[in-house]
Amino acid sequence: MGNSLGKKFVITSFGESHGRCIGIVIDGCPAGLAITGKDIQVELDKRKPGNVTASTKRVEEDKVDILSGVFNGHTTGAPVCLAVWNEDVKSESYEKSKDLLRPGHADYAAFIKYGGYSDYRGGGRFSGRNTAGFVMAGAIAQKLLDIIDVKILAHTVEISGIKTNSRSLISAETIENNPLKCVDAKATQKMLAAIELARKEGDSLGGIIEGIALNVPAGLGQPIFDTMEGELAKALFAIPAVKGVEFGAGFAVSGMKGSENNDAFRIKRGAVITETNNSGGILGGISNGMPIVVRAAVKPTPSISRKQETVNIDKMENAELEIKGRHDVCIVPRAVPVVAAMMAITLCDFALQAGIIPEVIK
Amino acid sequence: MGNSLGKKFVITSFGESHGRCIGIVIDGCPAGLAITGKDIQVELDKRKPGNVTASTKRVEEDKVDILSGVFNGHTTGAPVCLAVWNEDVKSESYEKSKDLLRPGHADYAAFIKYGGYSDYRGGGRFSGRNTAGFVMAGAIAQKLLDIIDVKILAHTVEISGIKTNSRSLISAETIENNPLKCVDAKATQKMLAAIELARKEGDSLGGIIEGIALNVPAGLGQPIFDTMEGELAKALFAIPAVKGVEFGAGFAVSGMKGSENNDAFRIKRGAVITETNNSGGILGGISNGMPIVVRAAVKPTPSISRKQETVNIDKMENAELEIKGRHDVCIVPRAVPVVAAMMAITLCDFALQAGIIPEVIK
Amino acid sequence: MGNSLGKKFVITSFGESHGRCIGIVIDGCPAGLAITGKDIQVELDKRKPGNVTASTKRVEEDKVDILSGVFNGHTTGAPVCLAVWNEDVKSESYEKSKDLLRPGHADYAAFIKYGGYSDYRGGGRFSGRNTAGFVMAGAIAQKLLDIIDVKILAHTVEISGIKTNSRSLISAETIENNPLKCVDAKATQKMLAAIELARKEGDSLGGIIEGIALNVPAGLGQPIFDTMEGELAKALFAIPAVKGVEFGAGFAVSGMKGSENNDAFRIKRGAVITETNNSGGILGGISNGMPIVVRAAVKPTPSISRKQETVNIDKMENAELEIKGRHDVCIVPRAVPVVAAMMAITLCDFALQAGIIPEVIK
Amino acid sequence: MGNSLGKKFVITSFGESHGRCIGIVIDGCPAGLAITGKDIQVELDKRKPGNVTASTKRVEEDKVDILSGVFNGHTTGAPVCLAVWNEDVKSESYEKSKDLLRPGHADYAAFIKYGGYSDYRGGGRFSGRNTAGFVMAGAIAQKLLDIIDVKILAHTVEISGIKTNSRSLISAETIENNPLKCVDAKATQKMLAAIELARKEGDSLGGIIEGIALNVPAGLGQPIFDTMEGELAKALFAIPAVKGVEFGAGFAVSGMKGSENNDAFRIKRGAVITETNNSGGILGGISNGMPIVVRAAVKPTPSISRKQETVNIDKMENAELEIKGRHDVCIVPRAVPVVAAMMAITLCDFALQAGIIPEVIK
């Protein structure tokens, strides 16, 4: 259990990094949505390893395969199963070092939980490759959100401690045109330099991704437990490297006074808005009509080529580990479309729960 | 919907700040647990407004009332319903200002979601008083965790930007003996001064709470969606003022290299441990046997006595608001036992799912 | 776990026969529904023991107490908690015979499951009294169904093997005016005679209840697992004495040919109808616009005054049991409003899922 | 939504009759279970159309394809995805008559629910072919139940009103060796004659299937809503043709007295048993250690070759329909392994919930 997410737009994930495929079943997708493989492929391609951030050499291109739920170019109301077949799989290296717990990876926790039966090849079930399924489901969720004009933008706001400015430039285009999915050209240069250095050192870098959802209607969220913050956070923590999630002012609230943090309500063009958005568009666990703003902290990829201390779990003795083969120096840019996908999936679920997106699309 | 949490230890919350009661139903509590009202009352008392942080004048003492599920001093396996009856309720002031949206509160979001039918008295369903139910359920969860020796400590680590040190002093006693639930005496003095100043200014202060769970066995958590991080975060975001949640190194991972952030595995006294705990005891969404460490950012109480700009939602025009009556200057210390409760509830649920806590306690 | 039912209109039951109360929390009730205690009391009163069927002497009148979720005469969107306080509780007799397993009751199964910690007084958690909670929730569900004109009628169609005819007379009035909730006056006479005889013999009688839902729109139900049949059946099997559930032609399909059982579609006044209704208004797990027809088999009350063979579970030896005190000779008529309630709860949940009943009632 | 079943052993179904495949994802399967394609294929083969009951000419053999969750011959704890690829698909006939609602089928209900976007080819999502997924999941559930020695036997007890006797002969062998999965040779002859006649008449026949689960430990089931009866019934109603479900004495309880229906408890070889089993092994929604006995009424296949009256949904006018092509005269024998599968899935889920089957198989 634990591989399904959502109440009305329910995604169920399956597959492993070096198994047959990575798949996702979407249950609760309204009927009548026009969808093609191309719609999904566009999103999937955003997740491809970039030239600047990766040493990754996996040559395969992830191609979506629609297994069910789409007929005559439209969703049918039946579960939509989407898969990406694994092809360029080289598992030998994992075979050799399978008893050496990789620091920062799930190896040990999974070993205990699953009694040593986990598929260890390429991280198996814990691989970032599973996020390909999230992105495919997110593509469909975004198509549904298009109906109510909700637009999601995710972008890199920090890598290796280097912060961005210039948020005024945020747009889908500026994000996609930047190799680090960052809208600040100046910061990008510094980040690229840091990445280059880390690559040389056989090391990796972390960062922070910000997601923004525009035009989210007020009233979404199910307090007091299934809150907008709670469900978004839960969805984002499903991304392997995420270790923190904050909304609006986030952790900075600690240094703020109530008079600073409270967003004053005002009437603007006949609508209620807030002058600031420290709440990140969420009050009482419910969207308030302002942009939803969330940030996720992404840890540096644990796979590094530097030698590391660890344990041989079979022999129960200390050991050393050197991980060869492909790995990303900085996963942050590749995680950007995944953050957008998890936001789309969560917001789509809430919108369906509220009946704002209908059960049949005409 | 949205008022239940958990899979096997399922809590369902009901009640309003100025209604009849605050209640919680616990479904899935094993049979045979020895429990008395006093066990629960002890925890409830930790949530009482303190002298130093509050202007609160609600004189009532929250007294637990066990409505079901306990027989002859033991749980029966049937749902345990616990309630606190509201007695010192003064709702007149809310009546007068009911159309003035309180900045930082759920008023507007709830108005839209529930079409103006919400109980607005004292925040109604969105009041921090609901956390009394969380604490009652947490008391039972902690009793269950005692069986497997899991111990939870929550403490204040930041108020108004003032950070604590001296974490080596953390213990249940040092926390409870400090008026701010903070183990750093020096920081406490500075925090108290900041609170005193904010009180005079009619303002409020935010902070950060850290929760630590000791002796959590490796293997708890249900990836890839019902992860340890995801479920803890979701539970913590149910606390009204929480705006950020991070684990282990948290947002600081952005500035770390993989070689710094990775926790090296080592054998120690025949067991696998990690030398550092940047992961906060969680890898791949599963506990790894190290202490679970989580931090929650608590925004300054939105109820402040200073005049604020807002909107009259009935007249749809700009207005000013002055909130009289009781309110906390700094909610952080009162939220500390609530953080502990949400952790206990979540960990207890995972332990029951894994069969580590049995269905009948002997 | 297991004490909650529903996806969007979620009821959570708590309480015991001889505990403090019987309660129900309804999560997901739309805001703005006008509701009074009287609306609920009317339904609760239908569940009262009748003069003709019971030897029951419990004098207390079940009075609904609204604990949360209703403000200014309307639901608020918050959980509605309803309780009936237990007052006329005499538990001594249960104390004496607590080790004697009552045949046909849950005693043994519960003893094993809950390790002997169950509340055995009056059946405790397994008492038919819990259905008072169902009826209270059903009253609210029916008020919601009124909005879309769905009407539910349940009536007795068989007692002690005596079958009714005259279904053409079915109406709320004819049902309520009959002491056995049976619309066939002739059959009623025979049933009453059978009941009188069973009373003298210290025995009890079973029967069959039919529930009919009119005006259910086509399209409700969530195949392939959360079907209309599956969810209605699950809800009805929560009534302690129910041992069978069938829809439309039900078990009689075994003797029918496809050409007999298939309901021919026809156009009637511009709408698609079926000429017969062997499907009971459900095809493919989805309502088809015809009346939903379900029947539930109700076993004879296991509590009988005749001496019975059983086991002393403490001594693990054979024993004899004589149950004194109140009990119903024929529970069937009292179960009729409970069948109606479970249907209302289930249909209301489906209607909310489909967005046919809105989240705010204006 | 609605395409997942279970709490801890959660199956998610996808696929259509004439789409790419029929698939099932099993989430919550313990790690370490030895499983091969052959184990699953054996069960799948039991669902093949028989020579005696079918006019079915679909030549393809359903071959299981394991897509995830199995590694080195054992389950890994990750979701197990199993698929059967559709190959011998002839959809032309469906194209021609797609506007003619097939009586007894889901066509109309689905048309309304999904706005005309359903895949109508071969019943699409509502086809009995989906039960291939159930059987594959059931094969794994049964392997898990083997660990605790629970054995499930399902067999035909009625076809076309012809009842079986000789239940003493029930065994896996006698069932599998009979062309109708019926252990009564004499009844089988009569049933075969009835089937032959129906075939000539272009008609179809219904029946009743009985499922028995042996060695189910007492204490399984989650009252008061997630009862053993309720969950088994819900699972069985997911089989397209099932219109009634009863336990133990079932609908016959209506004609029984309490003194007849109550199963007397006795001590036998140191254990508590009941002398009769009218309860079908379930009291208070919990298993009591006796065999679980359930019966499901299976309606005659709605697809018959006789001319039928219906409606053209596009033109909204009355019409006639003749269904050509393959169809079963009597689906009952093919539904027998499906009943067994749904029982296995449900019992396995309860056993996992209770911790009786461990999370890792050694």
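Order of writing sets the chain letters: A, B, C and D. Residues in each chain are counted from 1.
Criterion: a residue touches a chain if its C-beta (ideal position, glycine included) is under 8 Å from a C-beta of that chain, and two chains touch if they have at least 3 such contacts.
Here the structure is a predicted model, which means the values were calculated and not measured.
Trainee: Please give the intersection of the contact partners of chain A with those of chain B.
Mentor: Expected: C, D.
Trainee: Does B-C or C-D have more contacting C-beta pairs?
Mentor: Of the two interfaces, B-C and C-D, more C-beta pairs touch across C-D.
Trainee: Centroid of chain A to centroid of chain C, CA atoms only: how many Å?
Mentor: Chain A and chain C have C-alpha centres separated by 46 Å.
Trainee: Calculate how many whole Å lie between the centre of chain B and the centre of chain C, each centre taken as the average of the chain's C-alpha atoms.
Mentor: Those two chain centres are 39 Å apart.
Trainee: Can you work out the whole-Å distance between the CA centroids of chain C and chain D?
Mentor: 27
Trainee: List, in ascending order, every residue of chain A touching at least 2 other chains.
Mentor: 1-4, 7-8, 13, 110, 113, 125, 353, 359
Trainee: Quick check: in the complex, which residue numbers of chain D touch chain C?
Mentor: 1-5, 7, 13, 101, 103-110, 112-113, 125-126, 130, 158-161, 198, 201, 203-208, 218-227, 229-231, 233-235, 237-238, 240, 242-267, 270, 272, 274-275, 278-280, 282-289, 297-304, 306, 308-311, 313, 316-318, 353
Trainee: For the complex, which residues does chain A have touching chain D?
Mentor: For chain A paired with chain D, touching residues are 1-4, 7-8, 10, 12-16, 19-21, 23, 25, 27-28, 31-32, 66-69, 71-72, 74-81, 83, 110, 113-115, 117-119, 124-125, 359-362.
Trainee: Quick one: in the complex, what on chain B touches chain D?
Mentor: 7-8, 353-355, 358-359
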